[in-house]
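Here come two complexes built around subunit A, the first alongside subunit B, the second alongside subunit C.
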Partner chain A sequence: MTGWLDYNTWWVLFGTSLLGAACGAVGVFLLLRRRALVADVISHATLPGIAVAFWLLWASGRSGKSLPWLLLGAACSAGLGALGLLLLRNRTRLREDAAMGVVLTGWFAIGTVLLRWVQGLGGDAAGLEGFLFGKTATLVAEDGRWIALASLLSVGLVLLLKRPIGLICFDPAFATSLGWSVWWLDFGLMMAAISLIIVGLQAVGAILMVALLVIPPAAARFWTTRLHRLLLIAMGLGGFSGMVGAWISDQGDKIPSGPAIVLTGVAFFLISLLFGTHDGLARRWIRHRALEWMVRRDHFLRDFYEYLESRGQAPTIVGHARSAEVPGAAALQWTRGMANHRTLFSRLHREGLVIGEPHGSLFLTAKGIQQAIIAVRKHRFVEHYLHLLLDLPTEAIDRGADATEHWLDETMLARLESQLGVSTMEVPESLHPIVPEDESGTPSSQPAGKLGGRDG
Partner chain B sequence: MAVEVDQEVSRLDPSIPLQIRDLTVAYQQRPVLWEVNLDLPAGSLVGLVGPNGAGKSTLLRAILGLVEPISGEVRVFGKTLAEQRGRVAYVPQRESVDWDFPTSVLDLVLMGTYGKLGWFRRPGATERARAMEALRAVEMDAYADRQIGRLSGGQQQRAFLARALVQQSDLYLMDEPFAAVDAATEMAIMQLLRSLRSQGKTVVVVHHDLHTAPDYFDRVVLLNMRVVAYGKVEQVFQKENLQKTYGGRLTVLDELSEAMRRRGVGP
Partner chain C sequence: MAERMGGGVCFPLSTLPWIWEYDGWVVLAGALFAIAAALPGTFLVLRRMSLAADAISHAVLPGIVLAYWWSGGRQAIAMLLGAACLGLATIWLTDRARSLGKVDEGAATGTVFTGLFAAGLILMVQLADSVDLDPGCLLFGDLEMVPIDAGSSGWRRVPTAIWIAAALLVANLSWIVLFWKELKVSSFDEAYAESQGLAPAVAQYALATSVAITAVASFQAVGNLLVVGMFIIPPAAAMLLSHRLPSILLIAAGVAAVSAAVGHWLAIELPSRLQLPGTSTAGMMVVVACLILAGAILLSPIDGWLARWLRTVRHRRKVEEEDLLARIYRQQETSRRRPQPHSTPSPHPLSTRILRRLERQGLVEPLLDPPQWQLTASGMARAKELVRSHRLWETFLDTHPGVSPDRLHERAEALEHFTDLKIRRKLEEQTDGRARDPHGSPIPEEPGPER
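And now, the complex of A and B:
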């Protein structure tokens, strides 16, 4: 751990960012194939192999630091772990999650016992701790090059087989019907994952390795619904996490590189969760608020329209720039006891739907009339539909229409129009009486069906 | 023997889209289909009808090699399936896939071109044009760019059918294409199937609704762990056959399966 542009550091950072990017791409498919936890089992299952390989090296009088042999041991014991998982799943009644729990913990326990034991042997065994949590400080340029090579091969394999592997994730039965071997494609995907896990052991560690395969793809899902973009985003996030995490760990000896890399990834995940443009929480909240407003606005405009209608002044688009006047006190009734009716009125003003004062006289603008007619039409179409086709009694339908009408889109509206046999822009009659309200704004009488019916 | 020679001849008949001989299928040694023998002629709409658990989907899956039969043979236009993959299109049950998968309707339909393209070649302009044409045929071209998870059930089924159309096959195997779709989609699908038939294609459809089956299909296979009856719909759709299919439970076969399950054979 010396300078910023140190030759070794440069290679290690290069290696870990490639590793992160490759894990991002392979992880996308692991997640889509629901194999993410299998990768976790495999990475935990590498530990006994590392310990045994170290012991064999020590016993034959060689240096325990010989990385290729250690990684070969890791690969062998990972393979045994995967085989054990397959046998438990296919030959017993155990379900996959139980089988994974058994193999993961079993192999990991054996691994930690063996590691503790070989550390007692002395020699270079102290460095073995790095395989648990990752230690980039022990990495040299040579390791960085190996990581880079394995990453390139793995990512190359899955990107080359992007379509077939994608198909077995989505619809394996269809893939088989094309004569494609789901088994071989799965095998290719798992091989890519295992190679990444093996070369990533030193940098990230057996315990956290799966995070690099899971977190970037999971974060990417908040941004897009297309496979190629998912791959690009996951590779970008993974690569960046690998680089930043390894660099942070390289700056201070106290932080193991595994947690540093994973925490960087988690930070990206949180950002994606909050601000992801496809399904982030912020976007959900905004969309929810917009829908809420739409419902409130439509209810208000409908009340306005029906108030005028009950006085024989139903506004039409033709011939009316703006509608008849409504005393503000009556309009206040239509805010349905909303505490912040001021914001309702000011927003209706801002959107150019009404003019006037809530405490004086209120008018619908031309735009307001148009919107009101749309809202009324939607409501009454649904009412008529429920009444005529579902044969529901008129008292029951107002509420049902309230709950559903806002989600009518253009095509559904057109279908309703043709089924009910009404022409475009015609406002059908209400099925229940619209009760005239007196000038003070209090309803003279209220039919039971309308009371509190507009909370949708 | 004369009979065997006769079968040998019909086995290699390249004009018959689908021939099944002595097909028996078991899931982990529990037989679910016994001794199926069928010949489906070209240009026909064939309904596979039977109660739940009758083995309808299993029969399709066995034809496609998705489950390995314990015995029997399947011939597609006189050859094994492996030699004729390009002439068979499969429409799995809609619920069998994850509709949250990150892909668009157009990309889903393009999967129908994968069989001819192989693992490595990517779909080009020709394939895209064909996929759009198939989407128009199912009236889904307006939804080409939409994420598949945002489609309604009926639209998802139409997209699945478009994928099968793009395969330009001669034999179509469809697993419950009418399950949980709206009436409009059901009509549209039926129209499509009839136009396939008029082009000389053979369509096999797993179907649940006994009321519509006589209208929809020329031929019907009544299935309940074995073929109860097979033939022209007006001949097969009779009270006695239907009772045999739906009414009397196959108590001995059921008990046999149950006994095997108790002894720990199978899942």
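And now, the complex of A and C:
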């Protein structure tokens, strides 16, 4: 294609982005109803209707290629397919996936048989399959107008019924109790999907219409969990991939518009999968790393505190600019089992918790002391809780506390304080002697700190 | 593409009469491919992965295009390899999207297969100069052309497609036998399979590979439609007819073979009878499979609509008869206790229709003077059982909180029809062998075994 966005192209871009946005909105509800692949069934189920409509037109002496009539036929047979699906699912032992597969292949086979007959009857039936695979050429303005109309209608329908459809997605029983008919809402949703698929057949082809209904909502799930935003994001992603895909197809050489739109959608899906702010992989990884660091830091600070405590030099929250010194060699021992203790020390430095040299002496700063006391208190609170209230033996509580203490928040700490009768910022006694464990299991001569990797 | 489809390159549109040397091969090829698809298809349907068949058969497109482009022609092995890789990739990617991205299963499948299919389409258009593939032919296939691709003498007279189909069937059969235990256990209970060290993932990927290879190997010969249909419909029908895995597999294979034969026959006979042009054999085979499935839905002895309806009717008749027996017993009981003039008409006349049925079973007999119905000895025993069940239940439910006294009768009325000797013994124990129910009526003795 040459030229920079002529009139035709504008209509096509407008149409495809509207189609994408509409599919995004309808697809969100299909996804929430766990019916994403219904789109696949519906789009295959259009074939018999196209054949029958063509035959009726031909028999009544008109041209068989009148687009509105063919689309009407397609919509009717898709509707019958949807009814068949509901019937098979509700009235037989076939499970949802098998019912979908049966309707899909059965309807498609009937369509193939009818289409052969119709084509053999004569008339200009060649190219009817084009409806199914989509035009591999570029769209024209006429297509754009049809698409815009159907998109507006189905988005209107879905947004109008947003509340009840949302209800049946999350709690069908509650929706029924409010007087909404699940069956009719499901049917309306399917009708919206059908009308979109019908117009999309021309633009992108049946199989790729499935992608438009499935991919933007699936991508939007990585950004939010709220229905309202989910709809907006899915519509945005769908519309944008419709526009970008059609534009790429227009600019590029031999790139059909349907696949270009779908692949743009897939690209958005991958971006969302990686960088989605709600549940993206990057976000999950960062959260995981932050948690890991918190556990390592707390364990280190607790070791530091307990080392000093065992020598009667326990720092308190007031009156200390920094704690008594700890030889770096001892500190290195606590981090044994952690390969990268250098990064640990440098990060502790950076956060202003520890000063000094790992090869010389280390001190806790005032901030470090505060953090260490919090860490120790959490640990011992949990130990006390496990021992006093859950009656676990003292030998068993240390590991349990290690695993649990990090998840305590302010409220839980306050509760534990009042349950255990400890005043604020007081550090309770440890319930077990703080002795290092050797590999041999006998207490070593070093009097402080617990050795052995406490990996979070 | 459109011109090719309509132009009749893929399939002959003329109607020909049935010729054994020709149509025999078509039926055989269709049946072999159909059975080869139905066997792995059974496990797809069992694992609720029916739509994976459709997904895989679309998603292999880029693999086929690349293999075609790379090998510079329709090299069967290269295309099989390409398709198998893409089949595995589809399952793997879907699985990743589901576990890593927590995407809903249907949405994951939809995303992966449409994405791959779109990539395949673009590749095909981009490489159009060197890749001469037709998606229409891939989808619809040319089963009718099977016999043409054959030599003239001896073994050569067997068409190539038959060899492919036979090899496919043998391959599918042997891997199913090989992985039988894994497949069976992991299809029903994945967690248990894992605990037994059976590696359900291996079975899963073996299945995906088999589906992909089966789909691709049959594309050229019979088309996508027949294969995907045969993956799903015969197993679905078989599952309605049986609950045991080996017989499900056998029935599925049988349904597949029958629909191939009947389908081709219909594709030839129907048009010539109805003065219509010839039609797609592959499509007709799937339609016949659908009809068999519809037959199974209606007539299956296990849970078919007819069986369900008969069960309901039988049950309703039983309840009607038993209620009537119990009513006659109660009337006799009342008249025995408080003798009344016979002239008092019963408020509800007894249904003659039901009485005739009971008479045929020898449970009641007509008396001439006074004209009324009387229970026979066996009828009396049955009626006693029922009334005893009813009153025992009332007594039992009365001692249990939560059942209001005015609903006692209603509940007992429903329960009495399902109460056997064992339950009555238990009820008697629970109610300390009381002689009267809460309404003051005597609980009849258990009728003796001598009836």
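What we mean here is this: the second predicted complex is superposed on the first by the 386 of 456 C-alpha atoms of A that agree within 3 Å, B and C clash if a C-alpha of one lies under 4 Å from a C-alpha of the other, contacts with A are read in each partner's own complex, and residues count from 1 in each chain.
Heads up, the rule we're going with is that a residue touches a chain if its C-beta (ideal position, glycine included) is under 8 Å from a C-beta of that chain, and two chains touch if they have at least 3 such contacts.
Computed from a predicted model, the values in this text were never measured in an experiment.
Colleague: If we overlay the two complexes on their shared chain A, which of subunit B and subunit C does A:L230 touch? Say first, second, both or neither.
Modeller: Touch status of A:L230: first partner only.
Colleague: Determine, under the contact definition given at the top, whether A:R221 touches first (subunit B), second (subunit C), both, or neither.
Modeller: Touch status of A:R221: both partners.
Colleague: Once the structures are superposed on A, label A:P164 by its partner contacts, choosing first (subunit B), second (subunit C), both or neither.
Modeller: first
Colleague: For A:W10, decide between first (touching subunit B), second (touching subunit C), both and neither.
Modeller: neither
Colleague: Identify which of subunit B and subunit C touches the larger number of residues of subunit A.
Modeller: Of subunit B and subunit C, C contacts more residues of subunit A.
Colleague: In the overlaid three-chain picture, which partner chain does A:S177 touch, first (subunit B) or second (subunit C), both, or neither?
Modeller: First partner only, subunit B.
Colleague: Give me the intersection of subunit A's contacts with subunit B and its contacts with subunit C, in residue numbers.
Modeller: Common to the two interfaces on subunit A: residues 221.
Colleague: Which stretch or stretches of subunit A touch subunit C in the complex?
Modeller: 31, 34-37, 39-40, 88, 91-98, 100-102, 104-106, 108-113, 115-117, 119-121, 125-130, 133, 136, 207-208, 210-211, 213-215, 217-218, 221-222, 254-256, 258-260, 262-263, 265-266, 269, 273, 279, 281
Colleague: Can you list the subunit C residues touching subunit A in their complex?
Modeller: Going through subunit C, the ones touching subunit A are 1-3, 5-7, 11, 13, 45, 48-51, 53-54, 58, 97, 100-104, 106-111, 114-115, 117-119, 121-122, 125-126, 128, 135-136, 140, 225, 228-229, 231-233, 235-236, 239-240, 267, 271, 276-280, 282-287, 290, 293, 297, 303, 305.
Colleague: So in the complex, which bits of subunit A are touching subunit B?
Modeller: 32, 160-161, 163-164, 166-167, 169-171, 173-174, 176-180, 221, 224-227, 230
Colleague: Which residues of subunit B touch subunit A in their complex?
Modeller: 61, 64-66, 82, 85, 88-90, 92, 96-98, 101-104, 107, 111, 114-115, 119-120, 122, 147, 149, 163
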